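Letters A, B, C and D name the chains as they come in the text, with residue numbers starting at 1 for each one.
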Amino acid sequence: MPGRLSSPDVAVHRNDLLRRYQAVRAHSLALAQPLSAEDQCIQSMPDASPTKWHLAHTSWFFEAVVLAAHVPGWRPYDRRFFHLFNSYYESLGPRHPRPQRGLLTRPSLDEVLAYRSHVDEAMQALLAGDGPADAAASLVELGLQHEQQHQELILTDILHAFSCNPLLPAYRRPEPPVLRLAGSGPAPQWLALPGGVVEVGHAGPGFAFDSETPRHAVLLRPFQIASRLVTCGEYAEFIADGGYRRASLWLSDGWAAVQAQGWRAPAYWLAPGDPRAPAEDWQVFGLHGVQPLDASAPVSQLSLYEAAAYAEWAGARLPTEFEWEAASVQPGLDQATGHVWQWTRSSYDPYPGFRPLSGAVGEYNGKFMVGQVVLRGGSLATPPGHTRPSYRNFFPPAARWQFSGLRLAKDAEC
Amino acid sequence: MPGRLSSPDVAVHRNDLLRRYQAVRAHSLALAQPLSAEDQCIQSMPDASPTKWHLAHTSWFFEAVVLAAHVPGWRPYDRRFFHLFNSYYESLGPRHPRPQRGLLTRPSLDEVLAYRSHVDEAMQALLAGDGPADAAASLVELGLQHEQQHQELILTDILHAFSCNPLLPAYRRPEPPVLRLAGSGPAPQWLALPGGVVEVGHAGPGFAFDSETPRHAVLLRPFQIASRLVTCGEYAEFIADGGYRRASLWLSDGWAAVQAQGWRAPAYWLAPGDPRAPAEDWQVFGLHGVQPLDASAPVSQLSLYEAAAYAEWAGARLPTEFEWEAASVQPGLDQATGHVWQWTRSSYDPYPGFRPLSGAVGEYNGKFMVGQVVLRGGSLATPPGHTRPSYRNFFPPAARWQFSGLRLAKDAEC
Amino acid sequence: MPGRLSSPDVAVHRNDLLRRYQAVRAHSLALAQPLSAEDQCIQSMPDASPTKWHLAHTSWFFEAVVLAAHVPGWRPYDRRFFHLFNSYYESLGPRHPRPQRGLLTRPSLDEVLAYRSHVDEAMQALLAGDGPADAAASLVELGLQHEQQHQELILTDILHAFSCNPLLPAYRRPEPPVLRLAGSGPAPQWLALPGGVVEVGHAGPGFAFDSETPRHAVLLRPFQIASRLVTCGEYAEFIADGGYRRASLWLSDGWAAVQAQGWRAPAYWLAPGDPRAPAEDWQVFGLHGVQPLDASAPVSQLSLYEAAAYAEWAGARLPTEFEWEAASVQPGLDQATGHVWQWTRSSYDPYPGFRPLSGAVGEYNGKFMVGQVVLRGGSLATPPGHTRPSYRNFFPPAARWQFSGLRLAKDAEC
Amino acid sequence: MPGRLSSPDVAVHRNDLLRRYQAVRAHSLALAQPLSAEDQCIQSMPDASPTKWHLAHTSWFFEAVVLAAHVPGWRPYDRRFFHLFNSYYESLGPRHPRPQRGLLTRPSLDEVLAYRSHVDEAMQALLAGDGPADAAASLVELGLQHEQQHQELILTDILHAFSCNPLLPAYRRPEPPVLRLAGSGPAPQWLALPGGVVEVGHAGPGFAFDSETPRHAVLLRPFQIASRLVTCGEYAEFIADGGYRRASLWLSDGWAAVQAQGWRAPAYWLAPGDPRAPAEDWQVFGLHGVQPLDASAPVSQLSLYEAAAYAEWAGARLPTEFEWEAASVQPGLDQATGHVWQWTRSSYDPYPGFRPLSGAVGEYNGKFMVGQVVLRGGSLATPPGHTRPSYRNFFPPAARWQFSGLRLAKDAEC
């Protein structure tokens, strides 16, 4: 999830940073706007967080990492907030237990918004005039990138919470009906890439997280990659063909999850016959509430296990993260970002020569580098401009509450 | 928790019932008044429920049990509420999972209050004029008694929720400081009762739950009972004497709970040195927030296990529920009600000849009669007039979030 | 489970005690004889214990409670055994964790048998000649009663272990086929008892556990009780009539257990169609392996919840433990003991005036007196002579691995 | 754990295969020889298996994969064994639940040994004379490699079981005391490797598992690697320096495990003051029982989390699996195998172009390729000749019951 500045090559212009700060911060409030104070308070599982907590935590980040270090004589807004709104920074002190974030009715939403305003005033004062020194500017940019990551989580987390409510409320009004393609859309093209020595990782300039660095060369074999994402219609065929009942298609942990959790479809699909969605066909719950399945839309809310099982069923495989990165800059590759994050077949390991930054922000990425799988691209919930070809998102292989789908790959034909 | 009319001896006057309905319903709203919409939405453990849910469930009870049966052509306010706000009545259909009540941000608090108003209007129309037939009147009275039980839970449940918040917010403003007695108060008197054949259970007239009936005779041996409740000061001596470290004082399941849960004091006591209450002595969290321990106040928030261990330590025992009932009508017995519920040494078994009512309300009490222990009396959170000497409250022996304490008893000296 | 001498009225004759010691100890070994060393080592759930552990623990009891206290200069056989084979006596030191008893491959079965022999020699020396003083004699008798309780557990625990093995091995060779009654046997008679003041509890002389004392008077209402136990055939009708699918028949905790555990029949019944028992009808797994259901045999391996649900379905109820005790001495009552323990509708509460013995043996019964339900009678696995009308067996209401069934009762007809 | 023949380049000589079969099979029995039937029956955690189960499962593998397919008219020894002794091959039918393997007292050890003999006779008949066809020969070799993997597990699993027994029994007699080096041994050398394009994976000829293929080129940066393993003495310094109390050293999941499991040292270290090992210094439990810590011996029984935290503390890092493989063939590198498996900083991902075999044996490796971390080398428990430079062992990062330690690496100095 996390990330950090690849320090040397940042060049942030002061005025730009102030405007950018204001825009990013305003976007978080805009995302919360359709939600009541009640909606913003709840937590539907330990992995998710309340909207209000996201709003407070992203402000805490600026206070703890920027203001406390770079504003002489800074006095904490409320010392208790350092405990309540820290997420996982061990070096910044003890934290409120993650599974109990949904019990924080106090501070109230109004109090959290007042906290945001207080932080915003101080930050804007810091960013005005000559602006901060380079070190601070890097941390501000890191804070904004961090807030953008939480903006995506605001959407995925409230969607999970609403999915637990039998009323299945809509985050947004349903859109007016559009003409939908019949079927799963045109067949994908297979783009052939030659492999060889390829440079991967952040090339600069501009911001990147530490996990994207250092840029380095890797050797790829020739491979093919699908020009578009797997669609809901194609995934429905996998289900209809017994995909969730055939152990041979699944990774061992994936098959165990299917059995233990009773998975039969992506997380928010409502089966034909579900009393909450009394249509004859599949329905899908999303930000617009319950909608009929759109066969041509990219499938989403998949675990890595499901993505890999689908690929096996389709006679293909998932791309590695480096294949994805190499392909992402090719003409012909559609839906690289803006739809769903795309599971790769790469574990989230450190790049050769990887070094986390010193200080508390050094906890941002490196300490999560085990047991996670890389997703590439970016989703409809990712703030525009936040992602890039070298961006490494990551989640545990069983995670299903993200906008996560897949693109197929295969070895080159000999 | 539950209960029901002992049918034959009810004599409810119509006008009285309307006024009583209005008063009881208004009291629930008054209890919710200090709480924000966020506060009213959360659930801090599966055994507790959100305030908003209590407000909706008690309204659902009137709709499902009274209005749907006694108003010709009644149309459900919202069919989905039958699913959301049923608690445990299997015969009234499926229910929303208890541990997920805290996720119901929708319907909003405003929508729940509108539901209450709708039910209130229909109920008041039913109760006006000639009023309902006797059968309906009995169910109305049952609904009011039921709502009074939930009024106590509104307080105990929000107190538990607030106890999970590091800010330890107060439900009510702290009261102005009062002059407190030094020490644990005067020693209790031992009242001696002769035993023999004693009538127990509800004698009528007036409302009682089915579990209090039939009235019947029991044989008691001579016994002694303390004139007052055990105080916080006395309980602090038990702690100081190693009460929580001496296995020999505890029931087997109680000792296991002490080990597994790390109990060291009653549920809401803050130990000296607790960072949330930086005083040198014990502090106690309650409806007024964190307060210094009042040594002369009755100890509260105890499990049956702790009450029994204390009694063992004190060289005494808990009274049986019948000893308590016989003693409760004696002059000399102080604090019979209005402070804390008093654990007895009686399991919650059916009385000889017990019969639940027919219909859905028959699920009210009988089906809980295993694995629970009887508490007698009534607490500061019990609505005035709700309890009586034959009243049988019950909770599992490990429950600690109620206003529950103890009174000592012992066998007669020979 | 436990128990203890009601001290004053014991009159144990010395020679008798030696012969009795030898007979009881030999019986334990005889019960273990059909089992391999492997069989005797395993533990199939935390509530059950390995046969080898039972053999060692009962020897430890004699060493810790009798020999260490009454043999001058007694030197422990192996100090580590005090840790390994203590069960729940907190005052006798720390204990090996109960769920890990099945990991004790060392000491080996041979070593445990050597330990038994060592204890037996010392005990027989103590019991020979003039024999022990009265205090010791009481403890010896307690140890023998204790061992008899474990003899029943040897059978119930190995049966549970074998029930987890897909091979469903038989503890004993199947008996030659006998002519079985068709159907559920003759209808039971309803025996009418007048109630009134009845003395219950141990009247002496002879051994009894402390929980059976003091003898005291209770008031009973007139009631009826079935002359025989409920049969497998009758219970199969309950199942066929949807007994496990009708919430209204069940205690609340019982219905939750049915849902959570997927109960559909008594613990060791194999449903028609079960691949382990490919017959068309119900099969029952027992000490003789898998056998066709005997419709006229008493139903067994029931929880209290199932017993109570059956009684509700049958339009009757369970007797209280005092009704059972009063009826047990009536002519006309069949199958009072020797078939299955009979669930009552009485929680296991202390009798008025109950006092546990002082010392470690005081932990025997009293500390279990919460959350348990009383069973009366005695089963086919109970050693002959071990039980009596005042005997109070007890288990948690969900326990299903005992030889536990039921007898119906009802209120007197007016 | 698993593996498979890289099919084309196998050249197994018939006579060799028969002798090799006999030798490998005999070694399993030799490993079981110090253990009683009781010892061989138990299972101390779901991840471990009883010795008897290992003996049966490895025989089942030959029966199910070789005999059933390559012996015309083969009749199953006991159909029930296909259910009992399958481990994870979904395509070969249902399986006995893994956590219940310790309940299989039947079939007895003697019966399992008879099963082994039966399989051995048939296998030897198949391997004699002209021997099997190439396809069968490949599967036989796979079966032998598979059995060797289980030979290591026989030792690690019984060691875990014995570690749960308060008596801490020794698998082998303690060896005569040897002169031990004082201190942690001489400082390691840092071997510098130039990186560049390196070929990794199995080069043939001879057996390899499918996961080691295809051989392929990778790009490495210049790096340094320690000439020897980290020792117990060095690890004790890490502990003494607060290694288990400093969050900043740990991966996030590792720190959570330290907190949740209470880790304070490697799995089988007994702290000074532990009542089971009353010496003043660290003791270590191993196959020879409890021994004083040997400061110069390689540290073992570490999770990946502990290995990575140690490396961080030491100012170094773990090598990637490819760095390890490249270094392993350098002169100067000591202790490459025969001591402990060596955690790498590489997740167990498929090699580019990886393809599992067709048929049931295709389940051997590929389906475990997520959430696991690669270990390289080989331990004192690995059968001689079983491992090689390209061998990829793997376990989840929290696993601590293996002979697993570490070797340090670092980036080349600029």
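One rule holds in what follows: contacts are C-beta pairs under 8 Å (C-beta built on N, C-alpha and C of every residue); 3 or more make two chains touch, one makes a residue touch a chain.
All values derive from a computational prediction rather than experimental measurement.
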Contact distance in steps, from subunit A to subunit C
2
If we define chain centres by averaging CA atoms, which chain lands farthest from subunit C? Would you check?
A
Report the inter-centroid distance (CA atoms only) between subunit B and subunit D in whole Å.
58
Subunit A to subunit D: how many Å between their CA centres?
36
So how far apart, in whole Å, are subunit A and subunit B when each is placed at the average of its C-alpha atoms?
46
Residues of subunit A that touch two or more other chains: which are they?
none
If you look only at subunit A, which of its residues touch subunit B in the complex?
36-39, 41-42, 44, 80, 83-84, 96, 100, 102-109, 161, 164-167, 169
In the complex with subunit D, residue positions of subunit A that touch it:
88, 90-91, 197, 216-221, 247-248, 250-255, 304-305, 308, 320, 345-350, 352-353, 363, 367-371, 373, 397, 411
